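What follows is subunit A paired twice: with subunit B in the first complex and subunit C in the second.
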Partner chain A sequence: MMPQSMSLKNQDEGSVSTKATATSHERSVAFNGRSLLDVHGIHVEIGGTEILKGIDLSVAPGEFLGLIGSNGAGKTTLLRTILGDIEPSSGTVSIMGRKRAKAGMVGYVPQKIQLDPDLPIRAKDLVALGLDGQRFGIGIRSSHFWDQVEHAMRAVGAWEFADRPVGRLSGGQQQRVLIAAALVANPKLMLLDEPLANLDPANADDIVSLLNSIRTREGISIILSAHDINPLIDSLDKVVYLASGNAVVGKTDEVITTEVLSKLYCHPIEVLHAGGRVMVMAGDNAHAHAHDADPFGAKKAED
Partner chain B sequence: MNTWYASTVVALSAGIIGVFVVLRGDSFLAHAIPHGSFAGAAVAVTIGLSPVTGMGIAALLSALAMHFLGKKGRRDVVIALLLVFLLAGGAFMLSLSGDYSNEVYALLFGQVLAVTDSDLLTMSILAIVAVTLVLCMIRPLLASSIMPEQASVQGVNNNLVALLFTIVIACVTTASVPIVGAMLLFSLLVAPPAAACALARNPIHAITLSSIFALCCMWLSVALSVLTDLPIGFFVATSSACVYAVAKVIAHIWKH
Partner chain C sequence: MNLLMDLWQVQEMRTALLVGSTVAIATACIGVLTVLRGQSFAGHSLTDLASVGGSAAYLLGINQLWGFLVASVLAGLGMHAIGIERIRGRDVATGIVLATGMGFTSLFITLSMTGKSGGSAAVAVLFGSLFAINPQTVPLICLLAVVSIVAMALIWRPALFVTVSPQLAHANGVRNGLINAVFMCILGIGVALGSISVGAILSTALLIGPASCGLILARRMRDAIITAGVLGFASVWIGVILSYESYHWTGGKSWSVSFCIVALILLMYLVCRVLRSLGLVHGNARRKAVVAHV
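Entry: the complex of A and B
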């Protein structure tokens, strides 16, 4: 738990606060060389299968990074390696110069949370656990503590259902509560694993613009994984496009191109632009999947 | 007098700890440890120790075995196999020592009317240890039960929490089984807390409500057992099942 409130967040880093009004693009340039997260050449093997085959990426403070790829491309594995849950067979991860993040430095929203409707936990109790869940002993929660909880829940538009049992909220509402629980300890970096997967398009757009405003306002870096880039396309600073353990990293319009993706997939790929959206599809047999990052239509759980 | 005091201690500790059993989805563990520890009592009787000592040691050992072996393979399978092994072992030991089987029979079905002063002291200490341990780890316990992945990122050691909670169940088992019996501790650990969870909105309410439900079931059962001179087990099982059914009906009506 960090004692200072969110609005004071970056004052200890002089150049951060002076650049706070810069656009996201300028910001990522301004922090080059002072990245928050550095992933260098990581290889991960699970049960003899190589899941990640040498990934390099870096995230600057306040940057919004999209981790795009189909199911099985290694998105969750990469996120869990960054968190330190999975030990890479080679390569390094460093978060602000540390091998493993300190408690409160990173907020995490995992994929698919199942909450029992009978859970005797209000939404705000869950967010409160995000702030002091690691503490042993019988602590008294101060009014300052609940102010922090309220602040985080207001930031994600979850305050109006703070007193309702969390298991009985809708999927979109639960997603907001989980984001608030990840946000409440004032992290420097938030990792979200497929937060849009079970949401309708309107809710997905809401969550993306919410995250975008959080990182602009609080200067928190965000890595979000998704199989469809379209809801994110206007918000992302950088894309990490994963396919069978390899990745290309860059700005959206540099990565989502026929040449780059054909090379990544080792297969002809065609990228079409239509009405501000992109469609990635296999090039030769026109086996199109408009909303799908996997041009080969590999068997997916949702199908 | 001892009977009322003992049943109050059992009901309160089972009611409080049961909330976390239900939240964690650990009902099977709460079933297996009391039943498995019966084997320890049988061994103790055979070699001439007090059944309660044997049961305490067996409860702790089986809890640790379930925790550590459960990490190696599928947890439910490991617990099931250990449970069957311990029950069969217990029955085998009993058949070797026919003389004392009454004592062991009491451990399965409870003998709330014959609690001695020294039993009372042992069980009170164990119950207090268990409840204190749970209250001291209430936040990591909740976090690791509801959202284990985020908890781990926050620095909660989920494995340590699971181990401590398994030991808590072993303590409550040793404290309660001589009074209510293995069969009944299980229903007391699951039904009143599940009823409370269906009605309560926050963890503190759930714990309070669960303790009240467990106390009502327990006192009612003791009274009925004294009046009718029938075994307490039947009354505890029936009343706690009724509490759960009524709570679910009320929760359902509230929603509409």
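Entry: the complex of A and C
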């Protein structure tokens, strides 16, 4: 069911994935010259509250990583720390050995972008900004420039609505345009913050298989955050499960287990498998020891 | 055509048309992005504070343009430092600061009225007159217009990117803070140019009116700017001629040139709104456009 080993070119990173189990994930970060992204022991405090309490993870080229957790678990904070937006109070982030990514190295698709429906900007104008929007001056856009824009938009199936005002596209179409805008600069790593939120299941599946084909074809690593792992379960190489600032990193079937998640949540958790889907639930009476009340509520971590 | 040739012979007409056209084009470029950024409010607040500088300059006997310019650029940077969203949120504090600005304006105007002959101080500062512009100021006005257009062109792509989505721009390496600060300076220059042409109170109309029309009529940024420029240019020319000719129809009490320009802008805006509600243009619902000040 799950692609345990990535496509051929990632064979030499295979060891990394295997090492990154729930119990030994801290070690997996160190001494890995080949990984694209190394996050080592980062703590992040915002307004006196500790949001991330020591996260370690590494991403190999072409790897597809799912950042799973409920609202407030710290998913966006982790992505923005990787992006260099947030300075960790301790710990390090390095992208291809650099502390701050070079322009174009990391593509980012932020969460919940509100595009004004009246914006006189066509979809392809937005993708074009993804390529040269940070530059000063008006700039003459060559035909080669527009070829790149077209290539990125075709890659995500957004070319057919390239000339429509971007603010008037549907949620799924806008998501494709935003992915194209992140993809157009040929990044090594793409970070997507909740790209599946607000999409219906069919559109969500389309976006996931799209991303899966992009990373296979272009060898781009992807970190995608989501509160539900199910649409991603067949595509992910690794899961980073976040709960109240702590994380477990590893392969899906190693992380999404009753034992590992109970330890992460410090609360009995039950993982159920049904029809190729997993359900993570607050544990039932069989697992509850001293706790008489269930602080999660009935189905807190139903994600 | 003969009428135009005759008018061109008059020195004041030439100055008025030259300054008006230059300012209309510069403010069109600035205005389109101002409307898109939802900063019509900031533009209007700047005019209140610009009038303090204008009236102080009048009192001190300096060229008013310098007063407008220094005050509105400083006010723009001040707004940027405090945070425009915060300013808008704290409407009581903002209202008091802006009202205090107008209070100072009235003080400076009263002082210049008692000190010098200038009973026209209030009219000059608040409502301006393209016919009363000192020809020696023209080169400075043109220079400022060119500076603002060049600066707009320089920051165009990042500024547009920040307008579309600040997060996305930031993720792509745009320095949002820098771009916003530079834009506020340019907006300050635009407000100063508008103030010297149609007066501090009315300059928002010149900045926002043609730009809103451009955004209603056009589908693309480039077209919106061109449309705004053409409409601004047209309203200035027709307004100037109308004001000049009204002398003959009204028995010597000509309509003020600022009124004519602003009334034309309002008219254009209304026509655009009607066209849109009839579905004849593609229908940009520019909620943020502030032409209420007209």
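The rule is short, and it goes like this: the second predicted complex is superposed on the first by the 252 of 303 C-alpha atoms of A that agree within 3 Å, B and C clash if a C-alpha of one lies under 4 Å from a C-alpha of the other, contacts with A are read in each partner's own complex, and residues count from 1 in each chain.
Heads up, the rule we're going with is that a contact is a pair of C-beta atoms (placed from the backbone, for glycine too) under 8 Å apart; a residue touches a chain by one contact, two chains touch by 3 or more.
Treat the numbers as computed from the prediction; the structure is a model and nothing was measured.
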{"item": "Clash or fit (per the criteria above) of subunit B with subunit C on subunit A", "value": "clash"}
{"item": "Touching partner for A:V177 - first (subunit B), second (subunit C), both, neither", "value": "neither"}
{"item": "Touched partner set for A:L242, first subunit B, second subunit C, both or neither", "value": "neither"}
{"item": "Which of subunit B and subunit C A:L232 touches, first, second, both or neither", "value": "neither"}
{"item": "Touched partner set for A:I256, first subunit B, second subunit C, both or neither", "value": "neither"}
{"item": "Subunit B versus subunit C as contact partner of A:L115, first or second or both or neither", "value": "both"}
{"item": "Doubly contacted subunit A residues - partners subunit C and subunit B", "value": "83, 85, 103-104, 106-108, 110, 113, 115, 118-122, 125-126, 129-130, 132-139, 165, 178, 181, 185"}
{"item": "Subunit A-facing residues of subunit C, complex", "value": "36, 153-158, 160-161, 164-165, 167-174, 215, 218-221, 223-224, 284-286"}
{"item": "Contact footprint of subunit A on subunit B as seen in their complex", "value": "19, 23, 135-140, 142-144, 146-147, 149-156, 194, 196-198, 200-203, 205-206, 251"}
{"item": "Residues of subunit A that touch subunit B when the two form their complex", "value": "83, 85, 101, 103-104, 106-110, 113, 115, 118-122, 125-126, 129-130, 132-139, 163, 165, 178, 181-182, 185"}
{"item": "For the subunit A and subunit C complex, residues of the former touching the latter", "value": "83, 85, 103-104, 106-108, 110, 113-122, 125-126, 129-130, 132-139, 165, 178, 181, 185"}
